[in-house]
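Heads up, the next two complexes both have subunit A, just with different partners, subunit B and then subunit C.
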Partner chain A sequence: MPIRFDHVTYAYPATRGDAQPALVDVDLTVADGEFLGVIGHTGSGKSTLIQHINGLLLPTTGRVTVDGIDLVDRTARREVRRRVGLVFQYPEHQLFADTVAEDVAFGPRALGLPAGEIEQLVITALERVGLDFCEVGHRSPFELSGGQMRRVAIAGVLATRPGTLVLDEPMAGLDPVGRGAMRELLRTLHHQGLTVIMVSHDMEDVAALADRVLVLRNGAVYACGTTSDVFSHHAELREIGLGVPRAALFAARLAARGVVLHAHPLTVEALADAIASACTSHREVG
Partner chain B sequence: MALGQYHKADSVLHRMDPRFKLVIAVVYMLVIFLANDAAGLVLVLAFLGVAVSLSGVPARLLVSGLRPVLVLVVFTFVVNLVFIRSGEPVVDIGPVSVTTGGLSTALFMATRLLALFVATALLGFTTSSVDLADGMEGLLAPFERFGVPAHELSMILSIALRFIPILTMEKDRIMRAQSARGADFETGNVITRFRAILPVLTPLFMSAFRHAEDLSTAMESRCYHGKEGRTRVKVLRPAARDWYAVAALALLGAALVALRTGAL
Partner chain C sequence: MVAGADNAYAGPAISFRDVCFRYHDDDQHVLSGISFDVAAGEHVAIVGANGSGKSTLAKLINGLLVPDSGTVTVGGYVTNDPRWTYRVRAHAGLVFQNPDDQVVTSIVRDDVAFGPENLGLSPAEIVARVEDALRTVGMWEHADDDVATLSGGQRQRVTIAGILAMRPSVLVLDEPGAMLDPRGRRGIRRVSRELHAAGMTVVVITQHMEEAVLADRVMVLDHGRIVTIGSPEEVFTDPGRLRSLGLDVPFPVLVAEALRSRGVDVPLTLDEAMLEEAICRSASTT
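Entry: the complex of A and B
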């Protein structure tokens, strides 16, 4: 289901007369099965952008369509909310039910799905985030660990079987182990065919996961391209207060000293491979 | 309602001693009810008008702050208009006849109510939550000898006020998150709507507790221990303007009493 932003501008209802729009003329297409990383400085419009994808916010001018469905239509919006799962920052803070199973069932139930179907959806959704229904299903979500709670919250969004998953800073507040596990989870979900849109301020996470990166600045699209392409523009990114992955930086420093790698490594593993192959070819030449 | 929506500016009203402002606002609200004829009402509104013009609060902001209570004012007006049947009939609207008695009572009640709300809003707009808490503490201080924990009460008040906007934001966030999962807050009857609130209320309570825990840790790690030996950055000292305000209010009260007793 392609997601289209057609010259979208959004201004929050002016409270004190400052009508600086949060999004300015954003034109964007997200193809099926893509993993899009969204980066930008605080206040660059990342959160505003993703809330347009399922109609929580409606464009002031321009149009957002999901699968060709215009989100202005109220009944269509409900359908789009089923197709696009939105996971907010710290999603574990939205858990409320007595048991994990109840909480995950909230979405399907709100959509009015039959009870028999719901249980299966809950089991599958928990399984997809790596939790066992029999083990955690009957427990209170509040007695789980932070990482597990976040998984439950994501399962709650997956329960309606959306084709697109939108996540706002899914790694925020996780320890390195939890972070790695979350990366693995998102990678798996993406490989299962989900379109994933992830907002993150961590360039390592974006580099490790995304196919394409959207850079926002002051609400406008600053750059949009393949991950390696975007991260090859170190100076420009630095200028707008963003970093580049460590591996890319390392490769750039090597290049500055005359060691040119033939690939654009974005992760430490890819960097190691690139250096290894550069050494090999160097030896062969020598 | 209007509390906590402070409008930062530098006006006479902003600079007033919060203790005086609090007392004057409360006394003014009582004085409003002394006015029982047109002349009294004009005096009451004139006092308020002067206060508003001195406050530096833009009229637009004041009006938008009052929008939620406007419904109540209009409701009061209509109910009085329709149900009071004293005096001469003025006009018939279908089965309802409006009488002079109804009209004047309706006008009185609505105006008094409006004055009440404007006064409260003005207090909120010109007094920061810190000042408000300081003022309350100052007013309660004499009662400390009777065991009233003045400092603690004002600390509770200022924390509560400080957290209104935070919890409002949190509520919006949770509602957005739940509606992204398919929750519907816009349609349905009273019962389904009430049920829709639960998935918002529980996370909101959790977040309030989380904030409380963070805050208490932060206060403890800064060695906060209540009133004992605390000094203030801003010592409250009444200035000439505070006494002028008291005098103005006293004059208003005297004039209203005089009007009532027929001395004027």
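Entry: the complex of A and C
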């Protein structure tokens, strides 16, 4: 289910006129099964971009298509919203039902599916986010921990079986344990074949998860490429106020001191592998 | 003690003695057996996983909550004596996680003036304090802006200015960076470093290691009890223990741990330069 942004420009109605549009001529393709990280400053257009993917916002000029379906078409938009699950920031704030099962069932029920099928979808969706239906299904979502509540919210989006999951800062506000578990969950969902688009300001999360990275600046595409390619441009990213994964910075510092690694590590594990191999190979040569 | 504490008071800025607290009589204690002192001018970080009791402890420092048993003394004033409530609040300013919980008016300078106005100061004194506080947090140029037009980090700094304008001797920051992007967090770190350098006692409650490692001392809470107090170097260089407490392991310690497991002998340290040095030696010796 490729997602196409064809020269999309978007100006919020209130700012129309001489003000800067929120998106400027964005051209982008997201392939099936890809994990795309979207980074950029607060105000760079990240949230505006993802709201275009399921038609919550429509381009002022240009076109967004999902699987070839143009989102301008109102009936088609409904189908696209089933295929693209959008998880907002702090999605647990949108939980509302008396029980976890009811909350997760909301999406499938809105599609008018038969009761038996809905229950199966709810069980599966909870299972996918690592929660047991028998254990938490009957409980109030508000009794759960913050990390669990967020999982319930994601299960609610997965319940309609979308092929693409779009998440806006899924780790925000989680503690280290919750963050680690969320990384694991997103990695698993991606391996199960979901296309994932994740907005994040945490470069470590992006480096650990994404295949490709889109950098937005003032609403325009500043860079788009493989994760290792984008994060190799330290100076440019710094200049626009973004970070670089710490492993990449550390590798650059070692290189400046003559320890050149034969890889471009973005994670601690990759960095340790590269350093260990530099140490051993030197020993062999020596 | 210490009913008549005054300017000559030379004891600890904050003192907890065997403090226990629970929100409802039939609940478990959120905090139990908490004893520690914070010296005047000290910078202390309090860390712990979600639910460890950190935020409750913050509210006990400025008398927003009072202990069920034990005593909390701030600037020599016992917090559970209603006669001293105002003295306690004047001594210890508390900044919450979400600036929007603390913003009271729409224009920046009015918001900062709100606290001093309630202290019954002269108009000239209030104006002077507002300017001083806004300059301290680097927001003076925004004095006449609408709070709603500011970024999260800027709003958080305005909130801090509002507290500073009351001239407290202790500043308590409850997860000041939790809802901010990296740039916003850097701004808050700079402000808290400068205040500490200027002699203020700073207590920061945080889950971000980059905030915690700046402190003179780190206190670790786990299930309502203090499990460790020590220098950042002592607390943060035991990765196994940090994980069992649900805390993040700092980057240089992660790298050192990963290298050790690959047979490269480097020290477990927070000091990246020291780690870099050890790696350079390993890679150049045979």
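Criterion: the second predicted complex is superposed on the first by the 282 of 286 C-alpha atoms of A that agree within 3 Å, B and C clash if a C-alpha of one lies under 4 Å from a C-alpha of the other, contacts with A are read in each partner's own complex, and residues count from 1 in each chain.
Quick note on the criterion: a contact is a pair of C-beta atoms (placed from the backbone, for glycine too) under 8 Å apart; a residue touches a chain by one contact, two chains touch by 3 or more.
Fair warning: this is a prediction, and the values are worked out from it, not measured in the lab.
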item: Partner chain(s) touched by A:Gly107 [first = subunit B, second = subunit C, both, neither]; value: first
item: Which of subunit B and subunit C A:Val177 touches, first, second, both or neither; value: second
item: Chain touching more of subunit A, residue-wise (subunit B, subunit C); value: C
item: Subunit B versus subunit C as contact partner of A:Leu254, first or second or both or neither; value: second
item: Touched partner set for A:Phe96, first subunit B, second subunit C, both or neither; value: first
item: First, second, both or neither for A:Arg238, with subunit B first and subunit C second; value: neither
item: Partner chain(s) touched by A:Asp273 [first = subunit B, second = subunit C, both, neither]; value: second
item: Set intersection of subunit A contacts, subunit C complex versus subunit B complex; value: none
item: For the subunit A and subunit C complex, residues of the former touching the latter; value: 41-43, 145-147, 172-173, 175-178, 201, 241, 243, 246-247, 250, 253-254, 257-259, 268-269, 271-273, 275-276, 278-279, 282-283, 286
item: Partner subunit A, residues of subunit B touching it in the complex; value: 173-174, 176-184, 198-203, 206-207
item: Of all residues in subunit C, those that touch subunit A in their complex; value: 49-51, 151-152, 178-179, 181-184, 207, 246-248, 251, 254-255, 258-259, 261-264, 272, 276, 279-280, 282-286
item: Residues of subunit A that touch subunit B when the two form their complex; value: 51, 54, 56, 78, 81-82, 85-86, 88, 91, 93-97, 106-108, 110-111, 142, 156-157, 160
